[in-house]
Amino acid sequence: MAEFIAYLIAGIATGAIYALAAIGFTLVWQTSQTINFAQGEFVMLPAVLILLAVKLFGLPLWAGGLLGIAVFLLIFGAGFKLVVVDPMIKHGVLPLAIATMALSTIMKEGAKDGFSAEAQSFPSLVPTDMVNLLGVSISLQHLAIIVVAFAAIGLLQWFVGGTRLGRQMQATAQNPTVARILGIPVERMVLLTFLLNAALAVVASLLISPIYLAKFSNGETIGLFAFIAAIVGGFNQVRGALVGGILIGVADSLAAAYISTQYRLAVPLVLLVAIILIKPEGLMGRKEERRI
Amino acid sequence: MKSLWVMAAALSAALSLPAQAQDKVKLIDVIELSGAGAAAGTNWKNGADMAAADINAKGGILGKQVEIVHYDTQTNPGNTRAAVQRAIDENAYAILGPIFSGPIGASMQISQRAEIAQIVGGEAAGFTRQGNPYIFRTSISQAAAMPKIAKYLKDTVKAGSIAVVWVNNDFGKGGRDTILPELEKAGIKVTADVSTEQGQADFTADAIKVKNANADAVFVYLNEEESARFLRAAKQQGITKPMIGETTLLGAKVLELAGDAANGVKGHVGLSTDAPVPALQDFGKRYREKYGFSSDHNGVKGYMAVFMVKWATEKQKKFDKKGVADTLRGATIKASEEPGILMDTVIEQNGDLDRESFLAEVVNGKQVINTTLPRIKP
Amino acid sequence: MSPVLEVHDLHKAFGGIKAVNGISFSVNEGEILGIIGPNGCGKSTLFNCILGQLEPTQGAVKLDGLDVTNMRPSALNRLGVSRTFQLLQVFPELSVRENLILAGQEHQGSMLGRLFGARDAGLSDKAEQMIGFFKLGHLADAKAGGLSYGQQKLLDAAMAFMAGPRLVLLDEPAGGVNLTMLGDLKERLRAINAEQGATFVVIEHNMDFVMSLCTRVIVLAEGKVLAEGTPTEVRTNPAVIEAYLGH
Amino acid sequence: MSAPAAQNSIASRRPARRIDAALIGLLLGAAILWFAPVGMGRYGTYVLSLWLVMSIGVMGLNLTLGYAGQSSLAQAAFMGLGAYATAILTTKYGVSWYAAFALSGLLTFAVGLLLGFPALRVRTHYLAFVTLAFSTLIWLLIRNEQWLTGGVYGISNINRPDFLGIKLFGALEFHRFVVVVTLVLSLKLWWLVRSPWGRAFTALRENPVRAASLGVDTRAYTLLAFAIGSAYGGFAGSLYAPLVEFIDPSPFSLSQSLFLLLMVVAGGSGYLFGPFVGALLGVVLPEWLRFAGSLYLIIFATIVLALLVICPQGVCGLIERGWHALRRKTGGAR
């Protein structure tokens, strides 16, 4: 039993990481129908930019951090929307999704050539100590990730439901045409979600990189799992990302423990297929309207 | 239809080869610079570049300067094949790389057909068993290293049982498939056989699994970052059993990344810039100065590969491609004769290597060599 | 003579909302039946239930006495039931001619036969005839997406007749069509009805159009049949007047 | 590759003339490619062959996606199935390549048919997600079932076929063989998309509800689009194995499926010549950019990104747009 709980907690901890990466994914999908195949690279890059700023300009860590984050928000929050998404959005989901694939290659190769082909350690914001939870040892870093993931969802829910800005954003997501008629600055709202997405990626990057190290190729795994998490949870719902992420994390952990380490990747995917066939809109998702 | 012709013309222009300068020794390095093998390939590339610079500074090979061209394989067999084909079309004197055994498998027939030496960084046992006389290693193969590990586990660690953690690619699977029979021969029981993914980020579940297996020791056979992540996860889960590894696990990069989680790691090291060999240590120091980070064994391999070509050419006293392979086969290269080879190296008929290796332990974040193991066939 | 189409006690609920709440009627051979009613009275839902695009909660649909409830739209179409849509539904990337050939090809031979048979499935002449009949001659090879709204409406109707259907359900054929074209459309529909004996069911907002075209009219309100009769009878029915003017 | 030929999706203003242009384009292209490698060296020849083989795989995906509108993220997995079926049959069981080629096509057709079933339940992006899972599951099977596939070690020494007693061992001979196979397969596809099936596929893509109301059996056509597209993936794999003479799981991973999708879209989805252009971008352009050294992949991705931002319809869409602009200009001058 203790063993099972250990696997469960490990799964929740990794699941929270996937969730953190998946939230931004669902956000940009909702407001702009963007399937961002570069989401994993979005999480990989801030840590690399920070280390690069420290290395290039000899800045102290906090200053490098601020510079890296600012550059990232500018390029991959606002720039991404204005340069890539805006011109393509009216041409449907697919060309844009492909464009984000190309973007992911640029980010990955850029990080490799501009920074390093090797993994680098990244300083942790949280102490690396261990605590004991239900007889299982868990690191403060993992705990912090779980807490932040839940807090991020909570804050977003509050923001969307409880603030004027958030409600405007919600209205934009649901029906941009009506929102525009109601006088909501739709463009600004969409931009806001992209900035939020980039900011969430920064948070995820700061939390994950101390554990997983900063490396150009890190986005591949994280991106895939975040993608699966978003689908499973329902990628038109922000809280779906949390449910999906944790479910995938736990499924992965338990699969490695009890099914087969060689086939562990298969379990989240089978789960994905089952959920799509039974409830295509995802566990927490809204049904998308059927056009007749 | 005019654009069809234009396209055809553009195509042939793009794929035709530029005229070559004849006054240089052209080595083509077909190497993993992107994809899964990027970290290993970058080390190798740097090592090879350093070797070329060293050789050129001392007047080149038989008076000719060395030129190294690097072609990225994207760690993809099809692309590797294209790159090796290109190397041969461009009249390369010898081919260096790749490191991963899939890409090696896809390209070695081409160099064989062209009768040109291909000096690779792979450690998997299989490709020197296919009777290809043009393939050469730069390190001892898993088939040679794993018996040493098994012996070490039995005699020194005195483990009765072991958990094996390996990465499920040709490198990790190859090592795992080679060591399991050796462990059986040594009477060591495998209590957990844990496969992990290339590029895997989270090792918590694997560490718990290893912990629950409760073996006397853990054999870790992963790539660099994954090794570091596993060591960290193992430390978090409070695994206190000795971690045993082969070369990679005790490499500079892993030690840097794993921090104090690496302390106490032991194992066998084929090539290391920390080995008690002055030439290796000197190489390591110069590499660090030049590239800003420590070289792993792949950097050393890339360096040696170039010097293998140099030695063979100077031995045959002429630029004969086929002769390079013929000269290397069955040769013994002494570091006293050719300092660039760093260690005395015996090349067997099938392209395998035999040379001294080391048993090491990590103490306070540093690799400490305890024992130097002799060659298998002294 | 048995009716071509029989709808028996049809219900359709979306969650708690009963869009169609027990509708029954039948259509005889050669009839032009109009279905009218205020917005949200369940006309389109009724159509979609009859045509297998929505699954009725309860009730049955019969074609020539054969139960076709929940039959897939493509299968129903091959039994001779075709339709037009309220919103434009032509294939914009195909030419007018290709649109028409497509509308007929699935009624020709077998699946494999179509693969190995003629490119136009032997429908070029028929398509030409339709193009002439609906006065689209000068546009035969233009992409349907480039046509004007009214022209697309005509094409939409032409496609519905391409396979020589027994029964055609027209969903607001007059919507958004200008007066000249409206006259054309009405005239074409009458001609087909007379020449081919095709049976029509028309949903329409345009009262004049319905009253002048249809032989019989059904009025729906709140998912139920409110009144039924000839155009004149319906026009003078107090309940109908109430339902319309009450809005 | 001329603009009117590129424009020949299915709809056309003057069918007869346009179709001829497409046909002539295919035949002429094959003739040029037959002679192109002369003096190009084995590397150039190999890259050309690789380009054609990838084109076949992209062609299949173009049918599924570009013509019938069903997105699939599993084309590389189908290539893998074809490649492994061919490799296993020819190396382990001594089956002739031709029989293995046919069986690979049949196998991938059948698997594609099966994978199409979820497509009947869920549409658009959800379908893509199912195929994404399928793609990774196939990859896992190929990697883990070592007794059959050689696992991570792959299968080596895959022989190249003979043609009427002629050995196709050399790069040029095999290239010509690939040219012929590619020509046959693209002619088949050209003929398919202009048959009533092609029309039905287009209808399925543009408006499945309307298509169903016109008697188009959307189920059958969806499954067929999937199965035929997958079979082309299988054919491509069946040629890939003897071309590289070695296969391991890496070229059939999810990222390769995504890359094939990129080729379809960047080339121009729904255009007959789109797959050739897309594969040219995906296979030949990176090779050509090698002069740029370590930055070549960044340059490649930037070109693709810029292309899509400027023209989401891909290269063929761009050519078509240019052609129209040109015609309008000259038309206005007259």
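What to note about this one:
Just so it is clear, A, B, C and D label the chains in written order, and each chain counts residues from 1 on its own.
In the analysis below, a residue touches a chain if its C-beta (ideal position, glycine included) is under 8 Å from a C-beta of that chain, and two chains touch if they have at least 3 such contacts.
On a predicted model such as this, the values are computed, not experimentally measured, just so you know.
Centroid distances built from C-alpha atoms place C farthest away from subunit B. Comparing each chain's Cα centroid with the centroid of every protein Cα atom identifies chain D as the most central.
Two chain pairs are in question, B-D and A-B; the one with more C-beta pairs in contact is B-D. Centre-to-centre spacing of subunit A and subunit B amounts to 35 Å, using the average Cα coordinate of each chain. Rounded to a whole number, the gap between the C-alpha centres of subunit A and subunit D is 32 angstrom. With centres set at the average Cα position, the gap from subunit B to subunit C is 72 Å.
With touch defined as above, residues shared between interfaces to two or more other chains in subunit B number as follows: 33-34, 36, 168. Across the assembly, subunit D contributes 144, 209, 294, 297 as residues in contact with two or more other chains. Residue positions of subunit A with contacts to 2 or more other chains are 109, 220, 262, 265, 292. The touching residues of subunit D, counted against subunit A in their complex, run 65, 71, 118, 121-122, 124-126, 129-130, 132-134, 136-137, 140, 144, 209, 254-255, 258-259, 261-262, 265-266, 269, 294-295, 297-298, 300-302, 304-305, 308-310, 312-314. Those residues of subunit B whose C-beta lies close enough to touch subunit A in the complex are 33-34, 36, 38-39, 41-42, 168, 193-197, 199-202, 204-206, 208-209, 212, 224-225, 228-229, 232, 236-238, 253, 256-257, 259, 293.
Residues 35, 37, 83-84, 87-88, 91-96, 98-99, 101-103, 105-106, 109-110, 113, 220, 224, 231, 262-263, 265-266, 269-270, 272-273, 276-277, 280, 291-292 of subunit A are the ones that touch subunit D when the two sit in their complex.
Within the complex formed with subunit B, the subunit D residues making contact are 1-3, 24-25, 28-29, 32-33, 36, 39-44, 46-48, 50, 143-144, 151-154, 156-157, 171, 240, 244-248, 250-251, 280, 284, 287-288, 290, 293-294, 296-297. Interface residues of subunit A, counted against subunit B in their complex, comprise 3, 6-7, 10-11, 13-14, 17, 109, 112, 116-121, 130, 137-139, 142, 208, 211-213, 215-218, 220-222, 252-253, 256-257, 261-262, 264-265.
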